[in-house]
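Could you have a look at this structure, given as structure tokens, before my questions?
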């Protein structure tokens, strides 16, 4: 195994475009959202709390983004049987709540988006609209 | 004294416009920045970490934004003689570092912006460009 | 009762050999892992996050290592009926998740290893490969 | 500006080789050390606490690694005049203590190493021995 590998990262231009797309989708639905975008190591790249969104949803949106970035899968793909135990062991950072989707570039997790304040379906729809910016 | 008063708040449209303006100024300067916007209670409304910005500056940018929102004045207006003591008593959240400016609407603090990763002058210039969106 | 007793501790040479053995086992399985080793007081002696491992598993691997070092038993030996209550009372540090094994020297707990990112069976297999270094 | 960029990362093979090199240098000096390696976003990749090292130096070694990774420069390059204020505003994570060096790959910060328990010169010497693995 070699000492270094190459990874793609998203720029702040991509982050702003994703926030714009998420806001547009949320406004279309009439459901204000908290939106968080993290990088491949879970460090926040950008976030927005829309007017009228639940302010505590900033925390759940972050957990959803972290879960998706860490696992490389949707947050609600965490198996139900282990959600409670893994959530506790990670200080609540691993969550099975819907609304977290991984950012996959060249087959590797480059980060995650997390959305919270609406129903699970609404949160996922906003996250999907954000990822569509990258394709 | 009456039981209620009215305050102006900034919407997420204003937050996104301020982030766009801050990014544009930072790109013009060639100095990537961490930018944080908080409301009148210090709760984060939006933030962006530009590609190449120092990731620890997210924390100092937040402290600058909080200081400005809390005091209704620029972060570097905190008197030098009390900076160390107030910083310690607030867990580092009150800072005298330059780059934090209050968002004033109708004479009341409606929040604050904090910018960090550049020199003090660069941080302030980006914060000023962000506030210019509101006038 | 006498005023002092003697305990065996593991050196950093042992810690590095255990990390090497854990990595070798994880690579053989094709499952990157987060691996943490703590001493008899729960203070971290060493850790590694393998390329491609889930970064949040650093936290659960630490909880597993702490649980094993504290109890002197495998983390998944925590009785199911008390896991939730003890986990809550310890801020998530006691966990019943599999992948934590105690380091026993002369019949006393000298620390613990915790492994996370794979299935429970994979995590335990890596932990066992690490302990095999000490026999 | 494009939506994605490319970065080099270090693999866990590099992390283990760097830990080995740091330990060898510290043993040669007869000064046990705490050694931490973080990635470009400050997330820990690996660490070791050598037998006899000061256990609280884990925390200062982490701060040194984070400072170097965030700024892309040696931790002791933080200007003396701002150390106290920036340290306070970042919860102690930005430090001017010697012993933190950035990991630079293709001209970009790919992480940082932090070393603590010895004199400043000893800490730097160990950090330099670790970086030599990558050239």
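As written, the chains take the letters A, B, C and D, and residue 1 is the first residue of each chain.
Note that contacts are C-beta pairs under 8 Å (C-beta built on N, C-alpha and C of every residue); 3 or more make two chains touch, one makes a residue touch a chain.
Only a predicted model underlies this, so the values are computations on that prediction, with no experimental measurement involved.
A.B. asks: Name, by label, each chain that touches both members of the pair subunit A and subunit C.
C.D. replies: Both subunit A and subunit C are touched by D, going by the contact rule given at the top.
A.B. asks: Let me spell it out: compute each chain's centre from its C-alpha atoms, then which one is farthest from subunit C's centre?
C.D. replies: B
A.B. asks: Starting from the mean Cα coordinates of subunit A and subunit D, work out the distance between those two points in Å.
C.D. replies: Here subunit A and subunit D have centroids separated by 29 Å.
A.B. asks: Take the average of all CA coordinates in subunit C, do the same for subunit D, and state the distance between these two points in whole angstrom.
C.D. replies: 25
A.B. asks: Roughly how far is subunit B from subunit C, centre to centre by C-alpha average, rounded to an integer in Å?
C.D. replies: So the centroids are 43 Å from each other.
A.B. asks: On subunit A, where are the residues touching two or more other chains?
C.D. replies: If we look for residues of subunit A contacting two or more partner chains, we find 1, 5, 9, 11, 41-43.
A.B. asks: Linking chains that touch, what shape results: line, ring, star, complete or other?
C.D. replies: other
A.B. asks: Mind listing the subunit A positions that touch subunit B in their complex?
C.D. replies: 9, 11-12, 15-16, 19-20, 23, 32, 43-51, 55, 58
A.B. asks: Which part of subunit C faces subunit A closely enough to touch in the complex?
C.D. replies: Going through subunit C, the ones touching subunit A are 27, 51, 54-57, 59-60, 63-64, 83-84, 87-88, 91-92, 95-97.
A.B. asks: Okay, in this complex, where on subunit A does subunit C touch?
C.D. replies: My answer: residues 1, 5, 41-42, 66-67, 69-72, 82, 84-86, 88-94.
A.B. asks: Would you tell me which residues of subunit D are touching subunit A in their complex?
C.D. replies: 1-11, 13-14, 17, 39-43, 105, 110, 133-134
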